[in-house]
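Chain lettering (A, B, C and D) follows the sequence in which the chains are written, and residue indices restart at 1 in each chain.
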Amino acid sequence: MSEKFALRGVVPPVVTPDLPDHTVDVASYERLINRMLDAGVHGLFFLGSTGEVAFANDAHRDQIVREGIRIAAGRVPILVGCIDTETDRVIEHAKRAQELGADGIVVTAPFYALGGLTEIEEHFRIIHDEIDLPIFAYDIPVCVHAKIPWKLAIKLGQDGVIAGVKDSSGDDVNFRYLVQANNKAGHPLSLLTGHEIVVDGAYLSGADGSVPGLANVIPEPYVQQWDAFQAGDWARVKELQDQINEVSHIFDVTSGVVGYAGGVGAFKTALNLMGIIDHDTMPRPVRSLEGANREAIAQVLKDNGLL
Amino acid sequence: MSEKFALRGVVPPVVTPDLPDHTVDVASYERLINRMLDAGVHGLFFLGSTGEVAFANDAHRDQIVREGIRIAAGRVPILVGCIDTETDRVIEHAKRAQELGADGIVVTAPFYALGGLTEIEEHFRIIHDEIDLPIFAYDIPVCVHAKIPWKLAIKLGQDGVIAGVKDSSGDDVNFRYLVQANNKAGHPLSLLTGHEIVVDGAYLSGADGSVPGLANVIPEPYVQQWDAFQAGDWARVKELQDQINEVSHIFDVTSGVVGYAGGVGAFKTALNLMGIIDHDTMPRPVRSLEGANREAIAQVLKDNGLL
Amino acid sequence: MSEKFALRGVVPPVVTPDLPDHTVDVASYERLINRMLDAGVHGLFFLGSTGEVAFANDAHRDQIVREGIRIAAGRVPILVGCIDTETDRVIEHAKRAQELGADGIVVTAPFYALGGLTEIEEHFRIIHDEIDLPIFAYDIPVCVHAKIPWKLAIKLGQDGVIAGVKDSSGDDVNFRYLVQANNKAGHPLSLLTGHEIVVDGAYLSGADGSVPGLANVIPEPYVQQWDAFQAGDWARVKELQDQINEVSHIFDVTSGVVGYAGGVGAFKTALNLMGIIDHDTMPRPVRSLEGANREAIAQVLKDNGLL
Amino acid sequence: MSEKFALRGVVPPVVTPDLPDHTVDVASYERLINRMLDAGVHGLFFLGSTGEVAFANDAHRDQIVREGIRIAAGRVPILVGCIDTETDRVIEHAKRAQELGADGIVVTAPFYALGGLTEIEEHFRIIHDEIDLPIFAYDIPVCVHAKIPWKLAIKLGQDGVIAGVKDSSGDDVNFRYLVQANNKAGHPLSLLTGHEIVVDGAYLSGADGSVPGLANVIPEPYVQQWDAFQAGDWARVKELQDQINEVSHIFDVTSGVVGYAGGVGAFKTALNLMGIIDHDTMPRPVRSLEGANREAIAQVLKDNGLL
């Protein structure tokens, strides 16, 4: 890792395969991670929202990171999600991530207690003061119910507090302003989009990379899309996104499920159907997809030549 | 504690006094708790939203509960907040609360990951299966962004999964339906309102008690109001609420602060001004109220004969 | 009407019975209105949210008000909803209401275009300057997505801009502050609650009256509840609310319908089943309740001796 | 206009210049419209959110459309916003638009009354049945608080109910799915983005055009961007967006104003400073930008060579 942690490219948030007893399914984890690294992804993000961070207790979190870093074996930089409600709790996770060998940490705005921009800014400044790892600000209002505005992100970047932003805000206008302001400020931040369905537009705007959950299922097209972006082949960037999005209908062919059950549930069901992970076990209290929902996902995979 | 944990009366969510180093200020904690017990409150709730649960790391949480239970010394039943994102994380806190001597635990709907009623119901059922303590469902959508509907609460009560509800939802219509349905179902639940400004209306509807943060500052009127309710003296119940609400303007005389900084910040500033706690230290990343805000709160206290 | 329009008591928002061709069903309207007046209601509110104001075009709105005022025949004061997006459009409706004989008008915060408190305040001030009728501020964030805070309402009341507030905000804390501040200010405002399920609590807090949609179906208990309030018989106020709320389950026994279809749809279905209105026709694009939903409402009415 | 109203290109929502008496400033309107047509825009949209539709009473709306169509003089297709709460009110506006010579109408999901997808679908179907003009569905949740999902839009397009979508939803994922589904369905819909800051990404995804309010101030770059898109010159499409976005900071250099006052207020202030419109008069109850806010906008214009 360089002095400045200038992460670029495709950095999937890694799904955590579970055994039926809710510990890490290590054999599946190895297949999943090695398949993505073989496809050429440029980094890995453990303990993201996709990686069950909110569900895993501390021992389980440790296992997810330890095994993941062991499997990755230094082939790419590793980000670790340090997700918790407020500053002092995040710092505990950050210290643990550092011990386990993370190259950078991912931190959301504080949540649960109500606050404003003052608290968000102070939160990142304190963590930066106490933790000696690059910090990616994880902008995910749908989970934390607060938005990190581009002006604050740039300020924190210029002050060296944060090294990048992982944008899962769904606010493409804010992201575009952030990219332009970052360029004008000398590019202090690595800007990664988490919106796997519109990566083409984010690349056109000048993003530094993407964090697509769907790359767990189909890593190659995302890597090819990155290469096409680097080559300036925009028709190809768009065409690959169109292909990717056909597979993404695993999210919307299910019924009777909402949120995590339908999102990460679709990933696990697809990966299990494709033989990459051995169980579709979901973290408590979420149930696995079954019956018609499982069949509908299988059909999407067949229609796209993945089964 | 009886077989059925039928908590009734005034159960303040206890403010956690901090030393400047962000550990518990034990001397202040003793004054605060003893003052409320001397006033006659009927229970204490540690590690509520008011009690810094979202800010304290695990060691700090332990200290808050251990010292609180030591000070209370068995005089009233003790509720402990086991607040975390999802099921397995909550269970860790619940086990710790049990070891430390809690009489009941307080658990919110799961948060951070998106879900629906299926996940909320399963969450409480799993915790009930694994933890041998009465569970109070903490309905606080402003923090967890999910609502526990009265029909689900009643179902969980009739099945013996939860022992009560602490309602901080701001949804007085839902609360009233809950009270009526609870009576029709044989009163399986203890129903406590967290809305300190409208306790009179909640009592009229038939609530079993209240969890007023403001009782940290003015415990006596809340106890007197409970006694008036038990005596059926509604004019007095209302009159006391009017007096209480005058003091509650400590929440709205500040400016430039939002959320926790203005809410619990007002409690700490008032308690500090009144000489009950030694420091107005707020948990990171929140700042203490200063200058004109502190003066404005002092003026409210003076206007109400508290300073 | 007195100089100061001090409306007190039960003021139902009148349901608009429709013929199948979506004009006013005058015969049904007469039965509905006369039944409420015979029961002793203290005012009538035409063109509320319940009264189809958002659905009726201008000619239809005129017919609703003209026929309503003719039927009421001066027996009680008449409020007319002048609901439209922004100031100049509201003023057109207000002029028409005045021509048709309204005693007061009901006006929401501006909606559709985004604004803040500055625009809300200016909106009411302009309307007051141009219209010579008492104005009730209609606080209904669920429809207009803006809240009228109690401090602004009091300011507008003290300046003589508004004569009252019809609170459908679901924010019982704000309402209680409003009642207390109104008393301290010399009672410039008539404060009416629109929350038919918790009228007892609103009366205990000191409300001047209620605007219960459910009084279209069961006017007597609301009038009796008002009388009990005036007599200080709080046990009776609460008991009547309990009885009312049993009937209110017509709102939650339906399935597959949301919003207006389930709310005003339940009123029309109940009134039609009870023989008070001849058709359950709903305004376009809303459909009438059918089949199992209609039967479920019939069962609630039977259980409560209304069928 | 062809049988199928296949609108493509840049279709600005036209700002309505006001005289101080709040009627249309016709001389300014002529300069504004002619300047955009001279720059090569491909259509005009009167009575959009930007065009004061929510503020103008019916007589004012008529004047805005009549004068606009007179000035445009058949040079491009004309869309007219028929924005009102529910179906029958929208139909009144649609009939008027037809009489005044609109080529197509723009209709939102119903608002004010609460509903669901059933009501949204029925709303568009009824209007289509009764009005003989192409309908553009205006997806603007920030104003109407309901979202038109891509699956519903495609269904309405395939059934010939709507001719296009004007997307101001801020939901780029939904828009991308809509574009792909539209292509697979044989392109029944003209898909226009209203997000002036990210038009480049929308074009890359395959949008049929844009509806940028900022084109009132700077029409040329948007037309050049469209031409670059048609030529497949993506670097130029992106570069022009970057330039456009620098000007767009007129939205965020103001302070103390929110919503319409800061958005359309910025347009009017800029157009007034540039000498294109004679007054910066805003519709009631909104105030014009003044003092430091006006100066800040002037500075943005100067920095971008527009003043």
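Keep in mind that, in the parts below, a contact is a pair of C-beta atoms (placed from the backbone, for glycine too) under 8 Å apart; a residue touches a chain by one contact, two chains touch by 3 or more.
Everything numeric in this text was worked out from a predicted model, so none of it was measured.
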For this session: Answer with same or different: of all residue numbers used at the interface between subunit A and subunit B, are over half used by both copies?
Result: same
Exercise. Centre-to-centre on C-alpha atoms, which chain is most distant from subunit D?
Worked result: B
For this session: Indicate the whole-number Å distance between the mean C-alpha point of subunit C and the mean C-alpha point of subunit D.
Result: 35
Exercise. What whole-number Å value describes the gap between the mean CA coordinates of subunit B and subunit D?
Worked result: 49
Problem set entry | Numbers and ranges of subunit A residues touching at least 2 other chains | none
Exercise. Okay, what are all the chain pairs that touch?
Worked result: A-B, A-D, B-C, C-D
Seminar exercise, completed: The residues of subunit C that touch subunit B in their complex are 170-173, 176-177, 180, 195, 197-198, 200-202, 204-206, 232, 234-235, 237-238, 241-242, 245-246
Seminar exercise, completed: The residues of subunit B that touch subunit A in their complex are 22, 49, 54-58, 60, 83-89, 91-92, 110-116, 118-120, 122-123, 125-126, 142-145, 257-261, 263, 283-287
